[in-house]
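Pasting the structures here.
Consider the two complexes below, in which subunit A is the common component and subunit B and subunit C are the respective partners.
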Partner chain A sequence: MKFDWFVLPFLSGLSFVTVYTSVKFYRWINKLSRGEKALLKKYIFSRSIWTSIKEIFSESLFHLKIFKTHPLLGYMHASLAFGWFLLIVLGNIEVKFYSEYSINPPYVPIFLNFFEPTTAPNFFGRGFRFIMDFLLLIILSGVALAFFKRFVPSKFGMKQNMRHRWFDRIAIFSLWFIFPARLVAESLSASIYHNGSFLTNTLGKMMSFLPAETLLYPSWWAYSIILGIFFFALPFSRYMHIPTEVLLILMRNAGIRSRYFSHPYQEVETEACSRCGICIDSCQLTSIGYAIQPSYYLRTIRYNELHREITDNCLLCGRCVEACPVGIFSTDIRRHERTLQHEMRTVKFKFNQNKFSNTYTEVLYFAGCMTHLTPGIKKAMTTILEHSGYSWQILDEDENICCGRPLLLAGQISAANQVIIHTRTQIEKTRAKILVTSCPICYKTFKENYRLNMLIMHHSQFIDHLYTHNRIATQYRNVNVKYHDPCELGRGANIYVEPRRVIEQIANLLPSSSEKNKAPCCGGSLGNTMLQAEEKKLIAKRALSEMNLTSADLLVTACPLCLKTFSAVSSVSVKDLSQLVAENICEKIPNNAQKIHKAVETL
Partner chain B sequence: MPRIAVIGGGVAGMEVAFRLSQLSFEVDIIEKSFILGGHVHKWQKLFPDFTPAHQIVDQLKNQLRDKVNILFGNEVIKAEQENTKHILYLSDGTTQVYDAIVITTGFKLFNANRKEEYGYSVYPNVITSSELEEYFQNDKPIITKENRIVERIAFIHCVGSRDEKVGNRHCSKVCCITAVKQAIEVAQRNPDAEIYLFYMDLRMFDRKFEDLYLQAQTEYGIKFVRGRLSEVSEKADSRLFLKLEDTLLGKPLRLTVDLVVLMVGMETAENSIQLANALGIPVGQDNFMLPVNCHSQKNITGNRGIFVAGCASGPKSIGETLADARSAALEVYSYLNCN
Partner chain C sequence: MPNFGFSIHSPTHIDLDKNYRTIFNYVKVKEPSIQKCIFCGSCSATCTASNYSAMSLRKVNLLLHRGMVQEVRSLTEQCLLCGKCYLVCPRNVNTRRIILLIHEALKMPLS
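What follows is the complex of A and B.
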């Protein structure tokens, strides 16, 4: 068997990583509940495992999502990950041409030019040397880009870099130096044995003035030592994401989710974060100077640092989750941690009873507390409901009842559950067919936390429904409208189409570069309990400039909180979708509407 | 003869201009509208003694007659400085050169639309204190938009003042006593009406204010509640339903009224910030102009030859504004005579 003492740093590093990762993986999987383990097991032996394998290739290696964020950034990540991967795989195949053994120690392909200095004199021998040189060149270009990215992140579509700790820097530098070290060692080898290809041979010739024979052996040592440093640093640095992401993809596709703070899935997510910093750009708190983005947040969790202010200082808008190339549900982690911090198990609410209606109507309208603070929306909805031909009533006319979401976002689960039970009872008493709410926050809560036996609609969906059933008609106005997707309605509840269809009935809807899942948060989010009023205002202003309203006459949104926040700072007038409809509603319903008047039965 | 520009023809500007003309300077008033008197012009009676507002405005106008040049419908577009001279480019295209400038741009009323939860411009019977003044043009009972006699009315203090959420931390100073004055005027017209004032604190800072406050309670039975309004909604009969908190009892409160009056506060005037930037005068966190210091140099700005008077440097009552204007005139006089 081939061996030389210089492989020891590499070999010990590799063994360490393998053992460490295996133990870690075993512990994580062991910590899952029995049901979750069964889920994972069932998944791994099912046919859908192929989707995960595909995802591991496309995301862990090829970084397709990052390519979509920015092609150059994608290339940088892919050249390093996919390039290195191919180097290892092809290296292992190449060895087969030289070795009499069918199984070789892992260091042989890595240091092949040392162990097999003469190129196999055939097409495959030269071909492989060429491919290996080519891959090394690709990786080196990735390293060069990574180096330049430190100085000019803007060329990579990023506003700023992640600020790394010293330990991560060691890992980064060792990674960067691996490939130049390999290049030097192979070039020196080529200058003596001419065993390289276009890259190493050329460089070898250029280095012919050097005493190659004396330098060659130390250069192999250097290459091995740098690899060793990287492998020893890997489990404690950001590069732990390399093995962990594979496990994360498997667990996520198996349907496992984090259910509480420090859940094993969350621990996997934490270590699967590569701190690439893409979330930093997507976050609206970055520009006002807070380093609270998932990259930073997950780092504090991983290294057990104090981070209470980071946990609470988040709009929970979900833009980072959309942007994350690894698919980490960081907003869930925050909510779980808030639950841990703020839960008050002793609170007992007293509710005002008997003030709610028991009468039956087809439609039950729940304005929500934020709508009460923007009475324009409530008034508009009243007009629309009057025209709809449905019998209707407002559930929270006099008494404020709450959907419970503000308490949920603050992590006060048992208090929220009391409110939810109370409100659900009031809603069920009316036996309505459709529950309409103006507030996306309430909508999401009714959908997810209430298990109601009726149709739940946000008013954008309800108005869209009224149009499709010819229950209302509006006049067309020649105004240019931009639509702002509220976080909870868009990213939160996936409602993008209906509000746009409604606007197109009335006005000219302009496209926007930051809309749908990329839409900015207005800044008024109930999810953030740390920001000052002035800071929220700044976020709102910047959100408006991000949406670029220069050609718009009107900004339309579909959330009372967004309306309120934007109205305070916008120079363009801001309206809720319902207001736009109510202002342009026709008094008479077109004749054919009568026929379809019984559309509610079809629901 | 030195030329002086007074920017803004409200009561502060008129008083400064008159005093400076008395000191035999050549004075121009640059006024963006076509009338003099600013906000006071729109007011009926003044606290604390119910002096008719037009008396004050008329008196100031008479003093100015033939002594001061008034450039109506004009605004300052650009300003330049050459040694001690100030060059102003006006919106009518002319360029004027002055030796000193007095800024009396005053204030604007808080736009109540920004507190949408109070229902202004959503519900017709939610009005501002300034709009209520129009009801006082005659002695007829106060009626709602549906011509019902007002039986119950609520005054809401601190709308747009002392409210971090709308970005105004400052106190507008005069709304407390204005509310007491207006409540009494309503009580005189609608003797049977129930009148509620919902205040944060009552700041009766000047002479006779406490007396008026006492009179409002004892003589007119006006009810003062320390409380904050959370939201207004409209009932089917177009009466207004208020949800409030009694902050002394710490309990929620509900009330149905016919009319809601929002005591809108003062904010720095529309173009004051641009003007301050153009003339190089710092503004405070509240956007009002900052004099060199607020005790002994409250009319002097950091920029030589530029002075400030009246509400441009923060909320003031009419008496304070006039005194401030006279003091500014004297500052201008000493500045020009020492040069």
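What follows is the complex of A and C.
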């Protein structure tokens, strides 16, 4: 067997990583509940495992999602990950050409030029050397880009770099030096044996003035030591994400989700975060000066640092989750941790039961707390409901009651459950067919936590439904409108189409660069209890400038809280969708009148 | 003596130098905006919880100053954290955080 002492740092590092990772994986899987284990097992032996394998290639190695964020950033990540992967795979194949053994120790392909220094014997061998040089070049370009990114992140579509700890720095620097070290060693070897290709041979010739014979052996040692340092640092640094992401993809596709704080799935998520910093840019609290984004938050969890205020200081807007290339549900982790901090089990509410209606109507309108503070929306909805032809009533006309989501977001689960049971009873008592609400927060809660046996609609969906069934008609106005997607309605409940369809019936809808799942949060989110009023105002102002309203006459949103927050700071007038509709509603439905209007406008 | 339907309150003498201010101080350090409250009562007027309970943030604040922990507990437990009070407060008091901090302080062993 081929051996030389210099492989030891590499070999011990590699063994350490392998053992450490296996133990960690075993512990995580072991900590899953019996049902979750069964789920994982069933998934691994099912045919859908292929989607995971595909995902592992496209995300862990090729980093397709980062390419979508920014091509150069994607190239940087992919060149390092995919390039290194190919280098290892091809190295292993190449060894087969030279070696008389069918199984070789793992260091032989890594240090092949040392063990088989003779010139490539045939065309295939030279081809291999060429490919290896080419891959090395690609990886080196990735390293160079990573180096430059530290200084000019803006060229990579990023505003900020992650501020790393010293331990991560060791890992980062050793990673940066691995490939230059390999280049030096192989070039020195090429200058003696001419066993390289376009890159190493050329560099070898350029280095011919050096005493290559004396330098060659130390250079292999250097390469091995740097690899060893990287491997020893890996499990404790951000690079633990490399093995962990594979497990995360498997678990996620098997349908496992974290259910409480420090659930094993969450632990896998924490270590699968590569601290790439993409979430830092997507978060609106960054510009306010808070380092609370998932990359920082997950790091404090991982190293057991104090972070209570980081947990609470988040809008739960979900922008970071949308942006994260690894697919980490950081907002869930926060909610689970808040439960640890804020749960109050002693609470017993004494709600009034008899103040609510129990008469039947087709449509039941639930205004919600926030709509009570924006009476304009309630009035507009009354007008629309009047025109709808349905029989209707308002559930919380006299007695305002909460849907329970604010308590859920704050982590007070047992209190929230009492509210949910109470409100559900009141809703069910009316036996309505359609439940309409103006508040996306209520809408999401009704959908996810209430298990109601009726059609649940946000008012944007309801109005859209009224249009499609010709129950209302509106006048077309020639105004330019931009639409703001509320967090809980867009990212939260995936409703993007209906509000836009409604606006297009009345006005001219302008496209926006930050809309749909990229839409900013108004800053008023109930998810955050830490921000001060001035900070919220600043967030709202910056959100408005992000949406760029210069060409718009009107900003339309579909959430009472967004309406209230934006109205306070916007120079362009802000309206709720229902107000826009109610103001332009026609008394009687004219035959195709609105279509004619539209046709005239376009002429 | 004819009975006019009036009665006398039991004495609720509060010695502002000696009363129990631990919770108030705990909240004050973490959320200084509690000191901006002018006891206008806007929060109480809009409070969702006031529909079915005696919850009133203005009162909670007052009771905190006076160190009346039991009353504070029974009131704040009824809060739904809906945030209406924050939206109407003319002084931008961060009401929901104050309530969460009170909950937190109440869970601590001393109180």
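Following the convention adopted for this analysis, the second predicted complex is superposed on the first by the 589 of 603 C-alpha atoms of A that agree within 3 Å, B and C clash if a C-alpha of one lies under 4 Å from a C-alpha of the other, contacts with A are read in each partner's own complex, and residues count from 1 in each chain.
The rule we apply is simple: a residue touches a chain if its C-beta (ideal position, glycine included) is under 8 Å from a C-beta of that chain, and two chains touch if they have at least 3 such contacts.
Quantities reported herein were computed from a predicted structural model and do not represent experimental measurements.
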Next item on the list: Would you mind checking whether subunit B and subunit C clash or fit side by side on subunit A after the superposition?
Entry: clash
Margin query: Output check: A:397 vs subunit B and subunit C. Expected answer is one of first, second, both, neither. What do you get?
Written below: first
Next item on the list: Could you tell me if A:564 is touching subunit B, subunit C, both of them or neither one (first, second, both, neither)?
Entry: both
Margin query: Touch test for A:533: subunit B only (first), subunit C only (second), both, or neither?
Written below: both
Next item on the list: Would you sort A:406 into first (subunit B), second (subunit C), both or neither based on which partner it touches?
Entry: second
Next item on the list: Using the superposition on chain A described above, determine whether A:350 touches subunit B (first), subunit C (second), both, or neither.
Entry: second
Check: Given the superposition on chain A, which partner contacts more residues in subunit A: subunit B or subunit C?
Finding: C
Next item on the list: Considering only touches as defined above, state whether A:373 meets subunit B (first), subunit C (second), both or neither.
Entry: both
Check: In the superposed arrangement, which partner chain does A:288 touch: subunit B (first), subunit C (second), both, or neither?
Finding: neither
Item checked: First (subunit B), second (subunit C), both or neither touched by A:72 -> neither
Margin query: Output check: A:479 vs subunit B and subunit C. Expected answer is one of first, second, both, neither. What do you get?
Written below: neither
Next item on the list: Share the list of subunit A residues that count as touching for subunit B in one structure and for subunit C in the other.
Entry: 372-373, 400, 533-534, 564
Notebook entry, point to check: Once bound in the complex, which stretches of subunit A touch subunit C?
Noted result: 312, 341-342, 344, 346-352, 355, 369-370, 372-373, 399-402, 404, 406-407, 410, 412, 415, 419, 526, 529-534, 564
Next item on the list: Note which residues of subunit B are touching subunit A in the complex, please.
Entry: 113-114, 116-117, 119, 122-123, 164-167, 230-234, 241, 243, 254
Check: Once bound in the complex, which stretches of subunit A touch subunit B?
Finding: 372-376, 378-379, 397-398, 400, 533-534, 537, 564, 567-568
Checklist line | Sites on subunit C touched by subunit A in the complex | finding: 33, 46, 48, 51-53, 77-78, 80-84, 87-88, 92, 94, 96-97, 100, 103-104, 107
